[in-house]
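Pasting in a structure now, in structure tokens, and then I'll have a few things to ask.
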Amino acid sequence: MKIAFLGLGRMGRAIAKVLLEAGFELTLWNRSPASLEALVDAGGKLAKSPAEAVKRADVVVSMLADDRALREVMLEGGALEAMRRDAIHVNMATVSVPFAATLAKLHAKLGQGYVAAPVLGRPEVAERGELNLLVAGPPVQVEAVWPLLKAASVRIWPIGDVPEQANVVKIGANFMLGVAIESLAEATSLAEAHGIEAAEFIEVVTQTLFAAPAYQGYGALIKARAFEPAGFSLRLGHKDIGLALSAADQARVPLPLAAAVNARMLDGLANGDGDKDWSSLYEVAARQAHLDRRGS
Amino acid sequence: MKIAFLGLGRMGRAIAKVLLEAGFELTLWNRSPASLEALVDAGGKLAKSPAEAVKRADVVVSMLADDRALREVMLEGGALEAMRRDAIHVNMATVSVPFAATLAKLHAKLGQGYVAAPVLGRPEVAERGELNLLVAGPPVQVEAVWPLLKAASVRIWPIGDVPEQANVVKIGANFMLGVAIESLAEATSLAEAHGIEAAEFIEVVTQTLFAAPAYQGYGALIKARAFEPAGFSLRLGHKDIGLALSAADQARVPLPLAAAVNARMLDGLANGDGDKDWSSLYEVAARQAHLDRRGS
Amino acid sequence: MKIAFLGLGRMGRAIAKVLLEAGFELTLWNRSPASLEALVDAGGKLAKSPAEAVKRADVVVSMLADDRALREVMLEGGALEAMRRDAIHVNMATVSVPFAATLAKLHAKLGQGYVAAPVLGRPEVAERGELNLLVAGPPVQVEAVWPLLKAASVRIWPIGDVPEQANVVKIGANFMLGVAIESLAEATSLAEAHGIEAAEFIEVVTQTLFAAPAYQGYGALIKARAFEPAGFSLRLGHKDIGLALSAADQARVPLPLAAAVNARMLDGLANGDGDKDWSSLYEVAARQAHLDRRGS
Amino acid sequence: MKIAFLGLGRMGRAIAKVLLEAGFELTLWNRSPASLEALVDAGGKLAKSPAEAVKRADVVVSMLADDRALREVMLEGGALEAMRRDAIHVNMATVSVPFAATLAKLHAKLGQGYVAAPVLGRPEVAERGELNLLVAGPPVQVEAVWPLLKAASVRIWPIGDVPEQANVVKIGANFMLGVAIESLAEATSLAEAHGIEAAEFIEVVTQTLFAAPAYQGYGALIKARAFEPAGFSLRLGHKDIGLALSAADQARVPLPLAAAVNARMLDGLANGDGDKDWSSLYEVAARQAHLDRRGS
């Protein structure tokens, strides 16, 4: 199976590495070609443009930042046109629900396939091939790319035949994660305002009711106030809450928690913290409660 | 150690049972004396009034529903006056921050002790003696009641010298739990509005990012729409979110998520669902999204 | 008609003055007796305690700060007990719905009357006898105090027989006012972030869609950033939003806007701005949007 | 001055009528050509396409429903290309901030002008030539179209040189209007839950603190529960709150009230009420408080 891989940021590189190690043949393209040596050493070939990368591929995997980047590469950049008529596009990034639907249609018009396969997990997890994949698309296409999906993941969650539904699940899960962080930030600021140490509060809740990796990981960052470098940036977190709010507007579903988290994120972004980890929502909570004005 | 135990609802009975089995001598009082046979069979003695129950006790344990019930029993009911001057009151219920502070002062005036020991865990957990206890109070008093606390719990979390701080931690933890449920309710309704089965969405998120007992337990209730009988009722959940909002108002801490959850709970309460489990927040989400109007 | 007037802050003094000028006989009591000379010069008599003030009065008018002050004066201070059995208490302050109901019952038990008459209007308006009064209570009692109410107001709005319903209307109106201020604060911060002068935006909206005294008055304060001295303080505004949220919790009515305004007020209070005018909500909006970080 | 007028819904027809009466020469185009007889009788000429309508015009006025309609007509429909190189486009509709900026750039590239002139006022007001216009654009262009703007309005509010800033002001004003309606809906539902008639509450507040046309107009609709036909539909109101939230996201400004109103609107839209007046937010409030379950 010849694979073209478009978009080699930290997550993309991790997955591409795993695929090369599993024996797949990869042609690579990234906007900035820097730091692809390791992949080339592992057998990957570099292409000079998206169109060149995809033209002979059986499967095109994309892991691009957002709707806009994907549009630039696939539509304006010509990759969609350049793909073979029987090739399948596996999109592993989180994109908006309507754009996923649009892409699926454009591919179908050209006789191409489109499978949505957004990932749950961080780059470290991807490097071990232990991502969870949310997969949706026409069964025959999903089956065709199954070996590739299997190689990249610890588990595949089939979501159904309609590609954008995988995006909805991913968007819903990320929304819940943003809310979990914000709830930890709010509760910690409440505890501190009542004279309890942040570290003490976080330890109690993340070892009892919330003894789960997500809470423990973000709790540790808040305890240590270690918001840089970002594991997942506030800017991307805001993008994902925005996708949830858009998907909710489109389907007419009130999401009061998403709206509340979004407003707090804007305080952080306005403060210039877009590149910090999204657990820096704690700093917004501390600032709005003016914890620094309180005696020790 | 002679113990008076006031308040024998489901949680109170579970703890009293464990204490009797551990060899403590218990005098019991409950507003409605029904269903205390098992405890009497296990060696507990019944008292006819709170005052009678406490008068010879070294330690008075209370597990009453809310501030009002506690006020009626301890103040208006005369239990505080009737306690020995060297006795210690261990309050295991979730009460408001100012009322905890008030009680501590009143006991101190009479030379009595006051230790806050709110619990994390459900009645089934209490029956196995596996609660987590959040304990705060003057060290010498905490030490004096330690054997009792130890018998009732799997782990004791010392929070410090100021009793009401244990209540703040408990209130913060419960607020986070309410938010977790609401986020699951919102995300599930979003998924359903996009044509994804509730059960499918819940399975994916509670086996990946949110593989934690709290999410899995409430997720199972939502999947099964099994909101009655309540494990923890919407009415009590609303009381606890109210305690968080009060503690936040008192200490001037904005809690936008708590405010959002509270508004959704009021929809449920207004619909007459106060006795359902608080995971029935899902029903509020489904109603406000009018999921029943959508084609299948 | 002999009147006892309890509570002579700025609003109380304004109303008392108008009543004296209308020929009523007034006995005055205030916690701090300072600055009552003008009223004494106008014919008012000073009493040394609430009980002394009320003992010969046909009507007791109260204008105290909040539930607690009223409780201290009427219940703990003994004024209720000291009132004649056929006297009527006219409460012009904004109190909570349950406390208004409680007071009505206590008075009725002693054969006394209770009429709620909260005011709409600021002290300047009260000085001209031009308040709007929201009046509720048993018709025969309302009729008995009508001349007094008429003297103090430009218009009386009868709300019905149940005293606390007048408080609900007053609380609802003040909630709407808090929301109007917050909406002006948010919209102005949005305009500024897009490079439009605050003064320009405020002028346009308060001379077109919102050409109403409330918007124009608060708009002028925001334009001038003139938040001190307060016409109505953020602390009192927060008390009133709290009364709305309590009334809503009691009656199970979701009020998402009140919850949002409350969270913003807490940011202001935590910043130490309780004594500023409540239009300083603009400062909260500007701070959360970090307008000061933006180039001019 | 030869004018092309694109978009003749109720508001567009009202303005076109006024311009014809003021002696301007108009070429008209509307997607559906129905109900333009009155305008033709008054001297307007019909065009078969946007391109045909604009090709000889000095000024092109557009009053189209939203970004998408404007894009279809101006870009995909070829009107922009067909305009003379020295013509000026006066856009009187409410469009998004980024699209206004994009349009301004596209026109400038072709040597054409672009003036934003969104309106404040309803169709009845427009028919009397009494709109308020918010006008922004390069001074020389604004001056050139001044006679036209003057004929259509009671007052012109110059907002500055940057066209999209006029849209920001309009979006801010409409956001405030949506909040005002929602606050009236919430407060009225609170009053009703406490046993007060909706009509009584609305009368008191709209004749005292909120004696302004906006509150009185929407208050009357709520009192009469007269939500159809819509003066301004919930669907359009939701579009406008969405524009406010987008403008806020873009400029990083938290708008908690807008987020709260948006969530309530989604309940209404999900219930199938998009074509009702946006004061039907009252029905959402009544439904979430389950007022129909309460005794009369």
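Letters A, B, C and D name the chains as they come in the text, with residue numbers starting at 1 for each one.
Basically, contacts are C-beta pairs under 8 Å (C-beta built on N, C-alpha and C of every residue); 3 or more make two chains touch, one makes a residue touch a chain.
The shown structure was predicted, so the numbers you read here are calculated from the model rather than taken from an experiment.
Which neighbours do subunit C and subunit D have in common?
Common contact partners of subunit C and subunit D, which must touch each of the two, are A, B.
Centre to centre, by mean C-alpha position, how many angstrom separate subunit B and subunit C?
Chain centroid spacing, subunit B to subunit C, equals 37 Å.
Just the number, please: Cα centre separation of subunit A and subunit C in whole Å.
51
Which subunit A residues touch at least two other chains?
If we look for residues of subunit A contacting two or more partner chains, we find 248, 252-256, 259-260, 263-264, 266-267, 270, 288-290.
When you draw the chains as points and link the ones that touch, which shape shows up: line, ring, star, complete, or other?
Topology of touching chains reads as complete, every chain touching all others.
What residues of subunit B sit close enough to touch subunit A in their complex?
Residues 97, 120, 132, 134, 157, 159-160, 162, 164-165, 168-169, 171-173, 175-177, 179-180, 182-184, 186-191, 193-196, 200-201, 204-205, 208-215, 244, 247-248, 251-261, 263-264, 285, 288-290.
List the residues on subunit B that touch subunit D in their complex, please.
Within the complex, subunit B contacts subunit D at residues 256, 266-267, 270-272, 288-290, 293.
Using the touch definition up top, name the residues of subunit C that touch subunit B in the complex.
So the residues of subunit C touching subunit B come out as 238, 242, 245, 248-249, 252-256, 259-260, 262-264, 266-267, 269-270.
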